[in-house]
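Please go over the structures that come below.
In the two complexes below, chain A is the common chain; its partner is chain B in one and chain C in the other.
== the complex of A and B ==
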């Protein structure tokens, strides 16, 4: 397919392949439909299958549970989508989230702060990390994977220093021998535990609402604002974007700031859910989020990062894991399943899509 | 004494798809002589080199090396047979991370029949032998990446000589060398010539050609368009044959520029280059022509703020103009349709209307939200006024032909009023019909701005311009009103021969 288009690109318009093009039309539209709706159809098929095969899968409670299970990875995935759009990558999101969790715990438990100051501290940390990532990549010319890999290690270590490597909880002994007396404020915990009364009493968790709101925000930003459009231009052809007058460096740095902020929001929700600063939590966040964003490439067959695809990708993984769990698949098969889905989605994107070059 | 040529090409043909690149080339190379091959862009030089060096296979014709049939199926085979090529990009010929000795003997380290282990001291010794024979005086242990461009080029040539070739092909070896550096290369080539190597030297740098050529062959449109031998070579004739003189100059109704829009004084493109002035009037289209590498793109980039202007001053609409970025240039009303659309123009993931609106998203957005309706309407307008062949403004770029892609690139900048519109090689890879459409649109909309078009092809300049400027050696050397042009003077200026004619 690509062969013929480059062929015509070199020759004059009318000389070549007028008849082959006509023959291709029907085949292409079929294929286009398969590319565009294939993943959504697969998701739908999965839901139908689990509804029949697993008792209780097709219930509002189960649906909410699925969304809740993917809310934090979904938010991280939306952030990393922004960096993928500018043809970058952010490996530090997982550690930004856990650092955010430790930061909020530290502010409340050790410093005795309230929910607002904890949230603000986390967001500030996310912005700062995003800025540093962006500056390393844009001005120091460190390749994106390496810069954010370095940042990941740095944060994993940094978050353990204030408490000498221990988890943070009320009543813990601090390095100077005193006992931490602060505790998680109820408002903060509500972020992870409160459920709104929608449809059913005590039904919709805050984290799911935040996921949905952020999805819509970032989707609108990327698809409908000129800033989002420029970010796509930067990712697709940086030099062309620059010659069209785009401040390419600024857009790139912004992408990492968005990623950092989203990851810190994910960390806040994680801390609010488990109610302590647990150094062992959040190990899987990075891989799950990246997988969701990459699966998102295949959704709608666009072969490029997009917010809708990322959200669907996250839900897809959630549906699959929930269904398998309800059918008594052992927990240790989960990573295998996620990996398999990712590999299939990548083949979908890169081998089958016409847009991939 | 009639000597049998070492290398003889007869009726070589090669096409890619529907495009015939080599159209029956005949060429002979003699031992101990430098044959210069001249040709403009797209004449087929690189294809010829790639066929001879075994990268491509020819469609028809025959090649004989010392009377025997020569049809290499791979570059390695060509080299083993004694036909060695030094390609244009220097860094293709050397491995930067290895030392000089290893580079010189690199080809003995791979291929069938090589030993599994090698002896570094033997490598060093053999490399030294090769270097001594060629008069190369380098530290064999130095890493090639630390050497200057010229030194790397010498290593690449000497490495080629390690094969003891009968035919050596040099593809624009001086294109990134200064004249002092080039002289060292010429000495080396003289030495090779005295060793009896047949050399095919590809270049259009007049100074190289004058220094080296025993004979000149001009290539145009895939055919040999002129052969020049003998003690007094006809350089002017060779340039004519390369550029072709069948030039039609009747379409343009020449307009003289109105009030000056853009004035530049004492601009300098490169340290050491001659400074020059430039005045562009309202409503006129000025073509800047000249061979590849004479600074056309550098000038375009300087006017657009991508390259810093180190000397001289520019004035736009009577106000000082010194852009430091593309944003500032665009804000001042200076637009650039950049050279090589696939690298610096097209956003491949975007469709037509997303590509055309790219620089002016701000103007069609309300509170940052892109107004798609007006965005698409503007694109539709451009599609009809430029005659872009497509189904709708939603078409993806890769479905368009080269000419239509270029129309989209021009449309990107024509939708908004400019003071100075610059186009760098707008007709590269563009078919004649699309070229006419673009030229007509440019001429039709020329009022109210100055237009500057950079192009290597003379015919294109005659087709579009009111005034033609000639660049050579990073400065402007000639000016012609596009009516009764003195073509002889123009060709002389392009070739750089004027430098000797005038004091």
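== the complex of A and C ==
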């Protein structure tokens, strides 16, 4: 629709000579196609390349593993997408995830709780952090980057206070000298380790299922529900949305709550996979998640945050890392390639997109 | 350089022997400043402090200081190299008698260390080279750590196997462990390194697990994984379990913690052995070396704390569940006979 009108406008402007106008139309369409499907084509090309170059890359197990390796950052990225949609940003997701990992470990190992209480405690923590972030940004008027940066530091410190900086594992010595007797419950560990028998026995990990379910949920929510569309409206023009009667503040706070909850789910999966509470800042999780969400801008050439793009972005990074590792590329080349992909994606988004002009 | 260091090392051992021998003559008589230990102030200036290893190190420093009865001040720069140098100056201003510099960056700390020496303060350094002949260097021997683990791998698997190796260059202890690995590959031509990977992205175990999964998919015939850092080993173990290769892969590592013990003891765990120095013992040795300097004795320029090999079967046979039980049941892990003149009280 948009394409044709621009084409016609161009044509009338250059009506003196019709040939270049026609060329223009064709070039634009080509570029449109490049914009829309460029990244998906690149992804497809990568998969083909690695299938040829790396032994064992093209197997169902390897495919499932790619999803598993990006499930945690993918879930975090979906959360940050929600804040990007309302024109915000959440720098605290990485530390929310590691705090959630520490919370679940603390509930089970030190307090002797079961899987359900551990999961509930983590989700409650995620909701609370999201609410505080939202209130700081909306009511205290703290800029989003600064508020969530503060929250990031706060959480990195907070997660260490209960254990005086120790990692949590069964049999650890507590600050008061006693030994923790609680255990990671088997149901909880299953979240990170159990695999369903789909197609092959012992094939599909729980974390991948959760990633797919959450992707579909947030995608449907953002694209097809009134609330999701309103969030986009808030993000593209807050004032207009407000004048149109939208409760802008509520939507913004909700976006941060979604982000906090998704990050805490990521942390639960992390704890279930590692099987202990590791002291960690989660900065790498944050960076990978943000990279996935930003790459998502370029997918389908929409130049805006979107859940489908974020999921594809996460898988894109996963395919790259899996392929490179299988070909024995050292870690710094992987960081380099990750950065290069991000830069290309941003060029796609900002330079080539007509929308952003 | 290495030539002169070797000689220094020999001199250190010689001196150590001499001081130990001469020490016995004065048995139990506390040497000069330690007859009034309450008046002695020492400072621990830290660069790294978060994590189990550093917590345990601190516990060792505290225990040995308490045993000596000296007043311990802790200054923690939390990975800020410039602040750590300032803190050494702060300690000088505080009028302490001795300083332990724990980790740090050579370039940033060496001038401050020299200023402390100039002020007549005794200084020892742990795991950071301050390039100062007046300052003894406390070290856990990373080469020995790697050697013990690899010797066990040779004992278990023979002299030829396919190996995966986890390594990140540029981290001093890992670089020293890497030297030993290269040496072993040269000595045993049957060791075939089919994959090298590694990352320090945190949480490290999770990132390494992702990489190791890819490596195992590409090379399912790997027999030995050498992961000379426990976070690496944890990640590799997760990947081995997920790939269902628990019975065909064996993991050899370095370092140990309570959660490592439970991971090694899981039924059918692929993680069969680790070589470790007890961080608490390293902390004690740091204080003891400083105390010897204060008493006018020479602990030697390189004070090396020897590591212990810990195998899965040892842990199972002795039913060891955490670090305390490990110290209690493996005496060689609980105490190192380093910097031990006869007058030295033990914690």
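Some points to look at:
Here is the rule we use: the second predicted complex is superposed on the first by the 328 of 357 C-alpha atoms of A that agree within 3 Å, B and C clash if a C-alpha of one lies under 4 Å from a C-alpha of the other, contacts with A are read in each partner's own complex, and residues count from 1 in each chain.
Just so it is clear, a contact is a pair of C-beta atoms (placed from the backbone, for glycine too) under 8 Å apart; a residue touches a chain by one contact, two chains touch by 3 or more.
Not measured: the values here are computed from a predicted model.
In the superposition on chain A, contact is made by A:284 with chain C only, not with chain B. In the superposition on chain A, contact is made by A:166 with chain C only, not with chain B. In the superposition on chain A, no contact is made by A:201 with either chain B or chain C. In the superposition on chain A, contact is made by A:227 with chain B only, not with chain C. Between chain B and chain C, the partner in contact with more residues of chain A is C.
Once the two complexes are overlaid on the shared chain, A:239 sits against chain B while remaining clear of chain C.
In the superposed model, A:330 makes contact with chain C only, not with chain B. Those residues of chain B that touch chain A in the complex are listed here as 16-19, 304, 306, 326-327, 329-331, 336, 338, 343-350, 354, 358-359, 361-362, 365, 368-370, 389, 396, 398-405, 412, 429, 431-434.
Looking at the complex, you find that chain A touches chain C at residues 54-57, 59, 61-62, 65, 68-69, 72, 98, 101, 160, 164-167, 169-173, 179, 193, 202, 205, 270, 273-276, 278-285, 321-322, 325-328, 330-331, 334. Touching chain A in their complex are the following residues of chain C: 49-52, 55, 168, 195-207, 209-211, 213-215, 217-218, 220, 234, 238, 241-242, 244, 257-259, 261-263, 321-324.
Those residues of chain A that touch chain B in the shared complex are 2, 5, 7-13, 15-16, 224-227, 229-230, 232-233, 235-237, 239-247, 304, 355, 357.
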